[in-house]
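Per-chain numbering from 1; labels A, B, C, D, E and F assigned in written order.
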Amino acid sequence: MNLYLLAEAVVAFLLVAGGIFAFTGSLGMLQFKDFFMRLHGPTKGTTLGIGCTLIASMLYFTVTQGEFHVQELLITLFLFITAPVTGHMLAKTGLHMHLRFTTGTRGSVPEFRDEDVGQSRVARPAKARHPWRSRRQKRRGRLPR
Amino acid sequence: MKAMGRLLPTPTLSLVLLITWLLLVRSIAPGQLILGAVLAVVIPLLTRGFWEPLPQVRHPIKLARFVLVVLYDIVKANVQVSLLILSPKREPHPGFVEYPLSVKDPLTITLLANTITMTPGTVSTNVRLDRSSLLIHVLDMHDEQALVREIQERYERPLKEIFEC
Amino acid sequence: MALLWIPLLTLLGALVPVATSRHGRRLCTLATLVAPLLALGLVLIHAPAVLAGEVVSVSLTWMPLLGLDLALRIDGLTLLFALLILGIGSLILYYAGHYLSADEDDGRFLAYMMLFMTAMVGIAMADNLILLWLFWELTSVSSFLLIGFWGHRSDARRGARMALAVTGAGGLALLAGLLLIGNVVGSFAMADVLAAGDVIRASAHYPLILVLVLLGAFTKSAQFPFHFWLPHAMAAPTPVSAFLHSATMVKAGVFLMARLTPALGDSQLWAVALSLVGLTTMLYAAWFALLQRDLKGILAFSTVSHLGLITLLLGLGSPLAIVAAVFHILNHATFKAALFMSVGIIDHETGTRDIDRLGALWSMMPLTGTMVILAGAAMAGFPPFNGFLSKEMLFEQSLLNDVLGALSGLIPLLVMVAATLSVAYSLRLIWSLFFAAPKLTREQKAEPPMHVHDPARGMLAPGLFLAAMSLAVGLFPMTLAAPLVNAASLAVQGDTTPLISLALWHGLNLPLAMSLMAVIGGILLVRHHRRLANIAALFPARDASLTFEAAVLKVIKATLWLTQRLENGSLQRYQALLVLCALVMVGVGLANLESLTGPLGMQPLDGMLVLGAALIIFGAVGSALSHRWRLVSLLMLSVVGLTVSLTFVRFSAPDLALTQLSVEVVSMILFILALFFLPQRPPLLVSQRRILRDLLLAASLGLVVAMLNYALLTRETISIADYFLREAVPGGGGTNVVNVILVDFRGYDTLGEITVLTLAGLATFKLLNRMKLFKPSGNLEGIRWSRHRYPLILAVIAQILLPLALLVSVYIFLRGHNQPGGGFIAGLITAVALILQYMARGHDWTRERLPISYPAVAVSGLVVAVATGLASWLFGYPFLTSTFGHFHIPLIGEIELASAMLFDVGVYLAVVGATLMILINLGRVTTIHRPTLEER
Amino acid sequence: MEALFSLVVGVLTASGIYLLLRGRTFPVIIGLALLGYAVNLFLFSTGGLNTHAAAVIGESITPSDPLPQALVLTAIVIGFAMTAFVVILAIRARSELGSDHVDGQSGEAGDAK
Amino acid sequence: MLEIALMISLSLIVMAMAMNVFRLAKGPDVPDRLLALDTLYVNSIALIVLLGLWLNTKTYFEAAILIAMLGFVGTMAICRYLLRGDIIE
Amino acid sequence: MSQHLVTLPILIPMIGALALLLFNQASDTRRRQLSTALCVAQVLVAAWLLAVAVAGGGQMLFYALGNWHAPFGIVLMLDRLSALMLILTAVLALGSVLFACAGEDARGTNFHGLFQLQLMGLNGAFLTGDMFNLFVFFEITLLASYALMMHGGGKERIGAGLHYVILNLAGSALFIVALGVLYGATGTLNMADMARRVAQMSGDQAALVTAGALLLIVVFSLKAALLPLYFWLPRTYAAAPAPVAALFAIMTKLGLYAILRVQSLIFADTPVAEAIATWLWWSGLATIALAGVGVLAARDLRTLVAYLVLVSVGTLMAGTALGSIDAIGALLYYLPHTTLICGALYLIAELISQQRGKAGTRLVRGRRLHQRHLLGGMFLVAAVAVAGLPPLAGALGKALLMQAAEGSARLWLWPLLLLAGLCALIAMSRAGSVFFWASYKGEVDSGRVTRPQLAGVLWLLASAPLLVAFAGPVSGYTQATAEQLAEPQAVIARLLGESPALQFGRLTIEGESR
């Protein structure tokens, strides 16, 4: 009985912790100032949040049904394989697309970018305006090339 | 032994597959074991062509230690980042760091990059075409050199040891 | 039965010239003559009986539903027409053999003539109204071919089309009329119809029937105002004119009126309509005949005029008038055929039909001249020719008429005027052709004078024979014509036996005086012809044919305008119409709904549901609003896809969730391919009004569908689902009922579904064949493409993921029958894992390691599925019957094997093959055609 | 819940139709996809909205109606096949007609038609 | 206790997803939106797992595996599209 | 074997298609032989099935796929109507395939495989007794038709194809909604079962069924090409490769078939049927009128024929709306004639354009045709037939249909039918005189009619005289078909038994359960 209670407490804790991590991950994605910073929330918080939830589920089913439920490990495995790649590729894409950094960002990137992108840009026709975004909101500045 | 080698070109993969199978079916009944074993043999054979040679794990114990370290770091990083996000007063100082790579093997680079992405306030952004360095975005950067050193010590060296390269 | 052979012989005869034309003109002509002569013989065999007042008939059932019988008859009227058609027809065929120039396709020409002859014989013999109509329209078609025989000439084409349009239209009206008659009488058999005159006349439809039938008859017989096509039909070779426009086709209308007189005649309406139209036509056409310069034109208008005469006689309707009408049919056919043939000769010899350019031919062509004089005199109604006799009878009957009430007295007067004109054009024809000097222009005078002569005997003989006949009939009417005319008019009038006395001399009476006046008047008119022409020129009559042509053109222009307005080639309009239709139709259904909410009521809401709904609405509206920002629109769509999958999870449909999730991934890849190959920045070309319209349509349909959905959701139905839940385990051997339905209960649907999928693969394969596409050199921000072609980390992860994904797909596959999963989802997982390889490593690298043909995989999947289905035949069960069993295997234990799983293997293969076929081919095509942009 | 579900189906339908009425192939395809979701949900819901019971024997005492689920599964697959085809057709049309307007270049002249 | 924890967790995940959507709508750049979408996918794994806990069933477990395993493929495809244009070359 | 006969119209083309697709490395000749043989086999099987349908005074044949009893499993249902549609499809297909063997098939990939799959779809749709299965086979038919329509590629085909595809996809979406409503309201998918349930409905339930049924009719009207949903057709049919366009002549009839089926079986004697008939009547008449206008306006033979197809669609629909046994019998007599002749006309149009060089089938003066007598002869027969002129079957069919119209219906139908016939007459005579008479002197000995092409055209054209020669038996058959359709209760009783309640249990062919 005590063990059940303990398990229940752990499950509850893990659930709440998972929720909080997932929540903060998404919150970070919402409130950080530039894309690269926003990237940090989901790549970590969300992954761990899901991890906690999965462990909770594992524990819950193992305890309630009296047999081992470890399938959730698989989800964790897949998530740990795929989530960082997603983060990496998104960051790479952001870099490639000359996304704006928040002022005060340290370090230098142009060299990296040039390797990827080359020097010249291609002439393109005027871009369609996005319906929800006013002109003013459009990128306020880019890193000096 | 040779036949064994032909049948099991990648024993680690086969083992992983067998374990995965048992996890999936949630059973260690003899039938599932046999089926899992068959699949663990057949699937690597089927996908042999796609399997570029990867370095073998030489020191499983070091790997286990490494995994634990990373898990710990993930939890730690998350708490840190969560606090950073939740407390509006602290202004993070983001920055880019170019991290010189001493490993050249794709798997190791991938593991390293992914580990970096998963851990303290860092996201790997780009691997140079010549694999000479890795660009890392840091959420809250104070000491560039310390960061590079820490990554070298904490992740790159163990990885090198695990795969002996 | 012998009756059947008559049209059959002429029909078979149509094949003779085609077969024999290779062997020379002479043989061809003679061979062609065999059939009509035999047919004529068959008719003559029945002649004695018919002349004795019998009706010979035969009837075979053909299409009882329509009331159509293959029924033929020979009565007096038929006999008269059959003799004209076959007798004069044969003469004309013989003449035609000489007429056509050497390089012309005589085989085809004679075949058309025979075809036409068949149609005419059919009309004459038809003993069933529908059968009559069939032959009636066939004359239109065959005459179209004949008139257009010289189709390289535009006048021939126009003439042919006009004739077809007018007579064809009349024919359609006739059909309506005949159907109405059949409706009133209850039968289409001629005997029934002819006996039911009283019933028809009493019917409320009688006026309509009359109008429709007469439309048919008048157009065919070129009665005013439908006469205009006939002169234009003269563009045909002369034998055609001789046959169609003298002896036969135009007589079909008259025949019809005569034939239906017992059924439709004997009413005021009938009398007035026929006599008025006949009279007008007679006068009008005679006047124009006088003014024509073209020889065939003169004959054409004269024909129209004489047809008017016959119509008038039929309208007068008294027994003797009908005798006169029948008699004139015979007479007109003889002399007009002869005249056409002689005009053909003159045209043939001199190369012109212009009456003004011709003249003084008597010395050169005495035999032709004799022919024209004889036949022309008959046409003018001079004694002792046959035309005189029938005209006298007309005068007599016109004096006795009372069809127009108080105005009846006008008829003899007008008839006399027409007769005068008739005399005039006949005399003019004879005089200017053979005796007067030609009126030539200066240039024409400069040309060497014509040296012409009578043609070969073969060309002369038929005409001369007919011309002689018109004299002979005039001289000995009682012997040569009376029995036939008697029998024919008997057929037209039913029981009443007419008093027949055909004689040249009826004593000094009013008709004779009228004839005399007509002759004098005619001579005067010819004398002052030039003045007459001048007067006519003052009133330039608008050619009815031009009016017709202009009207047709105008109609076609209008139709073109209308069609282009309606069908403007805009898909958006067609879609809007579809939406509108759906809206209206569903709206109609919903309008009858008493209450929207049904008895079930609603279940409570929770936060997850609200979130799901919000996500879908966000995604849907977002992707609609941002559609010009395509990638964003796509991302929004993806939100919908994910949330729909979650909805399936929420509402207990795990199989659907799995399917939707895996389909999402593949679709996303597809959409991105589309995104890449379609222009990135579409111009904005749409008006506010258009947007408003579309929003309105979209919102309305959305509303209606939502209402429908809500109404259904709040009502309970007793569905057949219980059966599946009950039978899944005992009957289908699986606990996942959805899967059991898919592979067993409704495996046939699934077979169709994977067929569709494979078809899609094959279809896209087809589209990608030889497609040209070029890769833009930068992305939508204008940034050049990254030089990291195959990012390292992605490649490694893809490699690691492949075996794991395959393992998972095996797992998903195997559990399908009992737990959510199955071949379809497993197939998609495999496909996605493989596509990931293509994305990470490129097409060539992957292809090298997986050198299999995806179409073959897909097709073999279908083969497996079908073979599994067919296997049940071996055990005597229907296609796709499945079976299952539990087997005990040492070490492993109890396992269940179901044949449905084999079917599922087919599904798996088809899905993998089709999906890869679609995506990889697209990828490959673009790579091949892309201008290379290599890493520097 | 039922009202909300219907609302969602309605909004999906409306958005899909709106996009379907656009002049360029890409939005039309997206519209068809949205419409596909709408009709699949519609068909799915004819079995009732059952929260606690997958149609797996032994899972629950009141399993949901499996038939609409099987039908929707078929419809999803067919929809996917059709989407694949129309996407590639759109690409082909662009390469043949030189425009991504549904009416080809004639449509470029304006959507006023 | 478990009920409450579950509710809290669910609410947090629901809020997280709402924030994802917000970012998806706001952008401002494509990678931002893409990141938001990807996060939405990952969060939905948690949602499914929590639902399984709530309904005390593992029927939906495979759906979570599928998202974890294949969900990133779409994101990869778009990244490739933004980086290279052609996703299969 | 004979108990499985009814599956053959589906299995023969399917297995044949699979063989054609698997052995796509085989020579053209081999594939042509196989494809032709498949079509011949289908004609034979269809003839056999026709005999089965006639035997015993018109019995019906049911086949429980997967050995699952109706209404739970999917049944194939063979009655006189489906037998008629099957033989019609097979005959048309044989003509098209023969024609395609002249070389059209080699202009793209997998022609014969796709062709057979389309036949499979059509035959499946004609045989099924299940609403959802009807949808599935509609989709097979459509997808195959998309692929075939764009066989060989080219601007025109792709442009027209895009419209055709997108509209039909929208249509398919509506189809699913309609199916959803019908399933939601009746709880079943089997047509007979649905009929039984619909008959007992009232109030709101009936209203919902009405909404679903009418939506279904919209979808079928789109496929059948009724006003205002026909605008896609002229361009599509004109652009399609000739043998495909010829086969497409049956596609609109698939819509008609579906309407006829649901109208006579599921919604018979309900207010829904009346609503449907009203729609069909006015829309059919308007289609006749506007298509007649289009016939006059057409400046290209292919477009012209497309409008003639539309006229026939309108005629058939108006006939369906009349709904009496006589009218249905009449339209079913008219149906094979118009289908086969329109098919033949597309083939003839192709032959004409082959020999006219640049002028193609446009109604402008062009080069003289090399084989003008042959082509002209075939054109003449087809034109006479399609214009509804004697002595070919069109005339009889039209007359029959006119006769079937009663009372005030006549007032609308007669003039329209007659005027449309006149339009056809005028337009076809114009076309014929332009092609065969008004030509320039020059003529090139190219594009000669090959033997398979001739065989294909003659095979289809032969129907015109044959339908007249055997008008009695054929119209007798169609009349009996109409009578059978008027007795939906017989189907329900035969398939589901007398008991009104749902039956549980399985049906076996041998009468023994497995």
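Definition applied: contacts are C-beta pairs under 8 Å (C-beta built on N, C-alpha and C of every residue); 3 or more make two chains touch, one makes a residue touch a chain.
The UniProt protein names, listed by chain, are D = Na+/H+ antiporter subunit C.
Being a predicted model, the structure only gives us computed values, none of them experimental.
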(request) Return the chains common to the contact lists of chain A and chain F. (result) C
(request) Could you tell me which chains are in contact with chain B and with chain F alike? (result) C
(message) Using the stated contact rule, I'd like to know whether C-E or C-D comes out ahead in C-beta pair count.
(response) C-D
(message) Can you work out the whole-Å distance between the CA centroids of chain B and chain D?
(response) 40
(request) Provide the C-alpha centroid distance between chain D and chain F, rounded to the nearest whole angstrom. (result) 28
(request) Could you give the separation in Å between the centres of chain A and chain C, each centre being the mean of its C-alpha atoms? (result) 68
(request) Compute the distance, rounded to whole Å, between the mean C-alpha positions of chain C and chain F. (result) 17
(message) Give me the residue numbers in chain E that touch at least two other chains, ranges are fine.
(response) 10-11, 17, 25, 27, 30, 34, 59, 65, 69, 71, 76, 82-83
(request) Send over the residues of chain C in touch with two or more other chains. (result) 569, 571, 573, 575, 579, 628, 632, 650, 652, 654, 673, 675, 682, 705, 708, 712, 717, 719-721, 724, 745-746, 749, 752-753, 756, 759-760, 763, 767, 776, 779, 786-788, 791, 793-794, 797, 801, 804, 808, 819-820, 922
(message) Give the residues of chain A touching no fewer than two other chains, as numbers and ranges.
(response) 20, 27, 39, 41, 47, 69, 71, 74, 78, 82-83, 85, 88-89, 92, 94, 96-97, 115-116, 130, 132
(request) Any two chains that touch count here, so list every such pair. (result) A-B, A-C, A-E, B-C, C-D, C-E, C-F, D-E, D-F
(message) Show me the residue ranges of chain C that touch chain A in the complex, using the header's touch definition.
(response) 625-626, 628-629, 632, 681-682, 684, 776-784, 786-788, 791, 793-794, 797, 800-801, 804, 936
(message) If we count contacts the way the header does, which residues on chain E are in touch with chain D in the complex?
(response) 55, 57, 59
(message) Residue numbers of chain E touching chain A in their complex, please.
(response) 1-2, 4-6, 8-13, 15-17, 19-20, 22-23, 25, 27-32, 34-36, 38-39, 42-43, 45-46, 49-50, 52-53, 56, 58, 61, 64-65, 68-69, 71-72, 75-76, 79, 82-83
(request) Under the touch definition given earlier, write down the residues of chain D that touch chain E in their complex. (result) 52, 54, 56, 59
(request) Going by the contact rule at the top, pick out the chain B residues touching chain A in the complex. (result) 20, 23-24, 26, 74-75, 77-78, 81-82, 84-86, 92-98, 113-115, 117-119, 121, 123-126, 128-129, 135, 137, 139, 141, 144
